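Next up: the structures, one after another.
What follows is subunit A paired twice: with subunit B in the first complex and subunit C in the second.
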Partner chain A sequence: MMGRGRLAAWGLGLAALAALPFVYRDPYHLHILVLILIWSFAYTSWSMMGRFGLVSLGHGGFMGIGAYVTALLWNHLGLSPWIGIPISMAAAGALALIVGYPCFRFRITGHYFVLVTLALSGIVLQVITATRDYTGGSLGYTPNRTSGNKLLALQFDDKTTWYLIALAVWLFGIVVWHWVDRSMARYALEAISEDEDAAAAAGVDVTAEKLKITLLSALMTALAGAIYCQYQMFITPDTVSGIAVSLQMVFAAIVGGLFVSLGPTVGAIITILLAETLRIGFGTQAVGWDNLVYGVLLVLFIIFLPKGILGSLLDRLKPQRKVPRAHEQEAVQVVRPGA
Partner chain B sequence: MQALLDVFDIYLLEAVINGILLGGVLALLALGLNLIFGVIDVTWICYAELVMIGMYAMYFMVQYYGVSYFVAAPLTILLVALLGAALHYLVIAPLLTAPPINQLLATGGVLFVLQSFATVAFGIDFRNLGIRLPVLAFGDMNFSYARLLSFVAALVGMVAVYLFMTRTFTGTAIRAISQDRQIMALMGVDAKRIYLITSALGGALAGLAACLLVLQYDVHPFVGLSFGPITFLICVLGGLGNFIGGFIAAFLFAEIISLGGLFSDLEWGYVLAFAFFIVMMFIRPAGLLARRR
Partner chain C sequence: MLEVNGLVKRFGGFTAVNNVSFRVDQGEILGLIGPNGSGKSTIFNMLSGTLAPTSGSILFAGHEIAGLAPHRIINRGIGRTFQIPRPFRRLTIFENVALAGFYGQGRRSRIKAEEAAERSLAMVGLPTDRHASVDGLGAAGLKKLELAKALATAPKLLLADESLGGLDEAEMDQAADMLRNIRDELGVTIIWVEHIMGVLMRVVDRVMVLDHGEKISEGLPSAVAGDPRVIEVYLGTDAETTQAAAAEARRRAGG
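Entry: the complex of A and B
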């Protein structure tokens, strides 16, 4: 349960965030903030699975489906994103179930799970590229500009509206994170991540619990993809799907901190500011440099600071907080059984 | 001979044989990954990116410096072997006692580094070797020499690894250490050295694959993404660390891709392969050759 002081701090912070675009209107900075919020939401969605040891590299696939299905339905069938987004989320959810069920039912964990999901995001990328007659292939895809009702088409020109939408979506992600954090499912999933057999013996339905969190995570990631597409009005297979995007999610969540609700958000702030700084610093030659620094940092973080910046900071501030749960320890500490 | 050919649809037969030829290279890739996994218990997510770097090395040596292909190939193999050893020394070794997921993600970071390094250093243009090997006509079927050469070289490479693993002391030590990590240290085998040698060997296999793939495909910084996922699928389907399973799975996948490509685009072959993979996971979740529990 949150203390009253914390609740007040959250309320104040949110009020300040919501009021920001009415006071400060620099479009470039607002644009960066919107991007940070949307990606934070995506990273938060990923971390909902990742914090329980379900490391998925397939989320690039879910995000791609969210973005492309919404845009394709709008351009080819004239379906409003209000209908298209739920459909795209359902599609991503269905794929998550199809891939997740055999994985969880047959205890495909660890390396195997990562490789299967990795292949999943690779395949989604291939499908988007292969159906280039519809999706524009690797050249990218633009949803048609609407001439009619902007609200119906979910296309807004001004940044303030988008900022508020992104803020709401991000807040929704954080709320869901806390909802999961307080639910019984969290205890079940923590038990599973520590010892599947013991959890099953204690009456936890391992397959069902894992499927539920995977489904939730995939749905939210697809939503993030759709919102990103509506905001940017231009998507390419590489920016919304594929292995690079999946790794980017993992990276940001780990940099920020996997086991705290604002960790992925901190990760998004750091990575996007880093990318923007590099982009401005290097000018047009920046192509590749930001990812190069990303990659080096990711490796360094995993070796030296596996709990992430926010996670380590919180630990530093409250050393006597509590004994870390075993699966958190596992991500931090050394000896692995049988190693 | 002609009677035999008449029985089959000629295109179908051509696709089947091309599938076998493709399978050789895929099996080589899977072998390298399986070797690393079987011995060090680590998955190199960036394996296909090592191949990409090797392809660039071939391209620059042959195109820019005019080195002959057959001189450049061993140099490339050596270079990628060194890269593999460096990867182990710099990234994997500090993480050997960390949870497996962290090791895997660290190599994911290396994937980023290699990809963006190639983008920064070589640009995003598609480049090819400019060597056009003749096409072999057999009956009414056409096979490219490049594929035939790759297939043969891949097989030779695999046999060489097999002989190394069974006939030399180091090879025996590698196999032993994959069976029991703790005991081998007591038997006087330096595990660190063995890991380093295995990583170099895995890198060398990636280098060989690079020399062969550069004959058939253009190289660009993201070329690893086009065969990386399929390599992982092959390894999982064959059972991670299971050499024979990986070998069989490579040919199965190659056939599916080749036959799928016969009816539609190559990308759809990949999609078919993935669908097949999902189905197989229901039937044989622990790999093709795993015993049923």
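Entry: the complex of A and C
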């Protein structure tokens, strides 16, 4: 349960975040914050599955579908993103179920699951690139600027609006994370991640529980892709889909901390700042360096800090919870026989 | 309450269970014994849905359950424990049992699941403290946890798989008493697979003996313990102690 103090801290923090763009108006810094918030939401979406050992490298695919389907529907059919985004989310969800069901039904787990999802990312990237007559291929794609109602087209010119939208979406992700964290589904998924047979023997429908969290995660990731597209007004297959984006999600979630709600957010702050620093410091000389740094850091984190930066920090700060040892429990039974 | 007819399980060319039929009555404790590899665990796995039978029928409370998924079978009232305890170490002791209480009873209510968890933990003698970690449990504690998980699913039939291996004598007696209490107080019917004959014979109402996947004997503990075929394939030098235990149990039951 969330204590009163923590609730107050969240409230204060959120109020400060919401007030920020009205006090501080530097567009570049706001731009960086919007990116951090949107990617935080994407990483949080990934971690909803990832924290239960369902390591997906297919989320680049879901994000790509969210971005491209929304943009394509707008440009070709004139469908407002308010309708296009739910459609794109449904498409990503359907794909998640189509790939997930056979995986879970036939117990494709661990490395094999990673490989299947890796293929999913690759396929979505290939499809976007190959259908270049519609999607612009690897050159990228731009949603048409609206001449009418900006709200209907979900296109805004000022950073403040986007900052508030991104903040709301990010907050939604955190709320969903906590909702799952406190649900019985979390128990079931933790159990499944350890021992599927034993989970089934406790009455858990293993396939259904895995499908549910996969669906939720995919829907949220597609939403992240669509919001990213509406904000940037330019997408390329490499920035919203593919294996590189999937790996970036894995990296950020693990480095920030998989098992705490703000872990992926910390991961996003690190990845975005790293990418920006390299871009500004080294310009075009440093293209691809961020991926190199991610790779090295990922190896180091998995070995030395598997709970991630925020997770390890919170562990340090938290007063050690007293765990009764076996002999203490026996003592309890001696004192209270039959207890 | 359970009626098994012509149950067969083949793994490729190997027949693990060959045409086994038996029935278990409401409120009974049936002992299931036999040498390693005789098919006891395979039968348990079919009853609990982990394995689908090659052929044969399993009627539980009048309904065919052969081949149903494990979670469906549990929701119909068959709970099981595993030979080697399989706790979820990422959850606390309480969460382990509450999970079984929630999903094992058809995901009805979280409050009811937590109540079931408290009752089950108290029944097996584990602390109901919500933060106690599984890592603090020893061999006996893990077996109790296994039992508590099964009980929290509110089973009508409990499949208890070798609950006593690795315990000392006092712990064994305690565990045997616990199974009897579960039957007496909760009215749970039990099938018990166990290798330690002395304890088993004192608790069960009837015994069924398997060898090479076939049923070779069935009946009252005293009769089975004296069956020459059972002595030959399974009891061996343990025959005398087993018979003594069975005889003592009969005396106590009679007196």
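In this text, the second predicted complex is superposed on the first by the 319 of 339 C-alpha atoms of A that agree within 3 Å, B and C clash if a C-alpha of one lies under 4 Å from a C-alpha of the other, contacts with A are read in each partner's own complex, and residues count from 1 in each chain.
What we mean here is this: a residue touches a chain if its C-beta (ideal position, glycine included) is under 8 Å from a C-beta of that chain, and two chains touch if they have at least 3 such contacts.
Here the structure is a predicted model, which is why all the values come from computation and not from measurement.
Comparing subunit C and subunit B on the residues of subunit A they touch gives the larger count to B.
Once the two complexes are overlaid on the shared chain, A:35 sits clear of subunit B and of subunit C alike. Of the two partner chains placed by superposition, only subunit B is touched by A:292; subunit C is not.
Using the contact criterion defined above for the overlaid structures, shared-chain residue A:187 touches subunit C, although it does not reach subunit B. In the superposed model, A:116 lies in contact with subunit B only, and not with subunit C. Contact with subunit B, but none with subunit C, is seen for A:103 once the two complexes are overlaid on the shared chain. By the touch criterion defined above, A:63 lies against neither subunit B nor subunit C after alignment on the C-alpha atoms of chain A. Shared interface residues of subunit A, touching subunit B in one complex and subunit C in the other, are 339. Contact residues of subunit A toward subunit C in the complex are 184, 187-188, 190-191, 193-195, 197-206, 321-326, 328-329, 332-333, 338-339. Those residues of subunit A whose C-beta lies close enough to touch subunit B in the complex are 53, 55, 57, 98-99, 102-103, 105-108, 110-112, 114-116, 118-123, 125-127, 129-130, 238, 242-244, 247, 250-251, 254, 287-292, 294-299, 302-303, 306, 330-331, 334-336, 339.
Listing the residues of subunit B that touch subunit A in their complex gives 37, 43, 45, 91, 94-102, 104-106, 108-120, 124, 181, 221-222, 225-226, 228-230, 232-233, 235-236, 240, 265, 267-268, 270-271, 274, 277-278, 281-282, 285-286. Across the complex, subunit A is touched by residues 48-50, 69-71, 74-75, 80, 82, 86, 88-91, 95-96, 98-100, 102-107, 110, 113, 122, 125-127, 129, 131-133, 135-138, 141, 149, 153 of subunit C.
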